[in-house]
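One chain, chain A, links the two complexes that follow: it is found with chain B in the first and with chain C in the second.
Right, the complex of A and B next:
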């Protein structure tokens, strides 16, 4: 059985998904087993959240809404963790 | 000793090498062994085989070491430094064909996730096509 999850979050970081935020997002995504992608629209196109080059290359600006989709056993917790990271402005979990 | 691939930054300029290393530390964190070297042995711009060997050993990981270089001599001296390593280490060090600063951050990010040396190299080199 395949698990899947989706979720969306508004990017409020002042420079958008630039260098440091991209690194944090990719590092967190890679701690999950699921396939994780995001898009700037719910229909994609989709970016592999585990690829630092593609995440940084997405040049996601402040004010964009990121739509996540994940497939795999830990899909639900992966999407939640990534949304949490963005909501706390990429600071480490307290 | 870290299980993550180590990163070595080699530039003709010690300032560039140190600056790139600072970026990796601040953006990627402390989970990746990291060393840098730059400048000619007598001062001025250049690279040194001996300094590169020292940096490789400083950033050594059983998972291997990925080297990021800037221009010509940095690459040839890095290849020479690899040849002079003990045989059991030689096959676990690669020079990435990638821009030195961006490549170091990309390779460091990939390494911090516990990826293999080949995967770290491919991520840095993905920049060329991106």
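Right, the complex of A and C next:
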């Protein structure tokens, strides 16, 4: 059975998805088995959240809304964890 | 003098790996990426600096990205060599970043280039393995950290650029490695044997029997001279007229002292402290500096040790401290100018020095002094350092405070400076006086000591004698036996030289 999950979050980080936030995002995404993508609109186009090249290539600015979609057994927790990361502005969980 | 196999280091244009089977190339790129990951992880752990760690983490993330690794393997599948496939993938990405509208992404292109080259270096056989022991190395430029990893015994170094190699030149001199700088390597096909005579500035490719014989004859003569000189190493130097001349050594790395008998020197005329700041991502703290200075002072065992405060800038950049984009770094924020912009860094150094001064005969010398007020500011900070340590119950002692005389404006108005001693920095003084870089081969005739230089030296020495303040000279002029007679005629009686030149300079003084 395939699980899927979606969710969206506003990027408030000062510079948008630059190197440091992108590294943190891909590092976290890679800890999940699910296929995880995001788009700047709910219809895509979709960016592989585990690829630093693609994430940086999205040139996501501050104020953009990221729409996540994930497929796989841990899809739900993956989307939640990534949204949490962005909401706490890429700082480590306290 | 050196003779050995030529090794040409390629910068920019790289040698290709040549064709091999795809299986071998797949394996090669995997190994190279793993090796780069290992090195970056190590650097990342050691950086201790969030900025540096985040740059390295970005590079590590790239190495771990299938969007880079997969197309590289696909390139290999189309019969490309591993290095070519990797380079194409990275170059496409770099080009993408360079063309970006946003400055942020254009700047990240440098990180991608760094990563591309790191993996290419592994694919091309690794940095350290590329230089066999005793080779004569030809290169455009050379990093100090790399210099230290090479076994130079019998070999030598020939460089095109002097710009950033000032530090390499210092290391080469102190270790007695023959080196030529400013040699045009264009069109040189490096193969076979070569002879290098740094005394005469000669590099002979594929020598014939006669050239080799002449080289061996000169080498034997130098060796004989060196043996004769070193027999007198333990005897203090006096001129033919019986006047005592102090011959001290310059030290760039504390390890250099290991092979030197302190009884053979009259002190350390110059401790370059840049070594503490180089090749690291964080400035050294007070405790670390204190223990190094104390170690040097104790080695000297009562003989004077002149510690120069950080002389960064010019040809000695320090990441995070010196300014990256000065249009003319030699006339920019360097030496004391930089230290006074970073009083916190200077204060840490002064505190470490005054604590070490309790354990030996330490003096402090400040580089690039141009105006009396700069020295006055340093003197006030020195007093503050001693005061604060004493209040905290830490033993400290204010040493003599001197200045390096290397800016012509300071040399020509020397009586205006309240310095306890003067140390002439001949390298910069000469290039500032002549308005000629020492690194440009075409300007060699201009950058040599001449009447104006000797005149400044005479006036400094006579001011020192009148004011009863010591005047010494460190720098390359003092380490060259040909200049010793003129230095003595100028009235100088204290010279500080590269350790490898100690015996020769003492002998030259006696012949004087």
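Rule of thumb we're sticking to: the second predicted complex is superposed on the first by the 94 of 94 C-alpha atoms of A that agree within 3 Å, B and C clash if a C-alpha of one lies under 4 Å from a C-alpha of the other, contacts with A are read in each partner's own complex, and residues count from 1 in each chain.
Everything below uses one rule, namely that a residue touches a chain if its C-beta (ideal position, glycine included) is under 8 Å from a C-beta of that chain, and two chains touch if they have at least 3 such contacts.
This structure is a prediction, so every number in the text was calculated from the model and none was measured.
Look at A:69: by the touch rule set out above, it reaches neither chain B nor chain C.
Of the two partner chains, both chain B and chain C are touched by A:53.
By the touch criterion stated above, A:34 is placed in contact with neither chain B nor chain C.
Using the contact criterion defined above for the overlaid structures, shared-chain residue A:18 touches chain C, although it does not reach chain B. When the two complexes are overlaid, the chain among chain B and chain C that reaches more residues of chain A is C. Touched by chain B in one complex and by chain C in the other are residues 19-20, 23, 26-27, 30, 50-54, 56-57 of chain A.
Residues 26-29, 105-106, 109-110, 112-115, 123, 126-127, 130 of chain B are the ones that touch chain A when the two sit in their complex.
Remark: chain C residues 54-55, 57-58, 61-62, 64-68, 93, 96, 100, 102, 104-105, 108, 111 touch chain A in the complex. Of all residues in chain A, only 19-20, 23, 26-27, 30-31, 50-54, 56-57 touch chain B in the complex they form.
Chain A meets chain C in the complex at residues 15, 18-20, 22-23, 26-27, 30, 48, 50-54, 56-57, 59.
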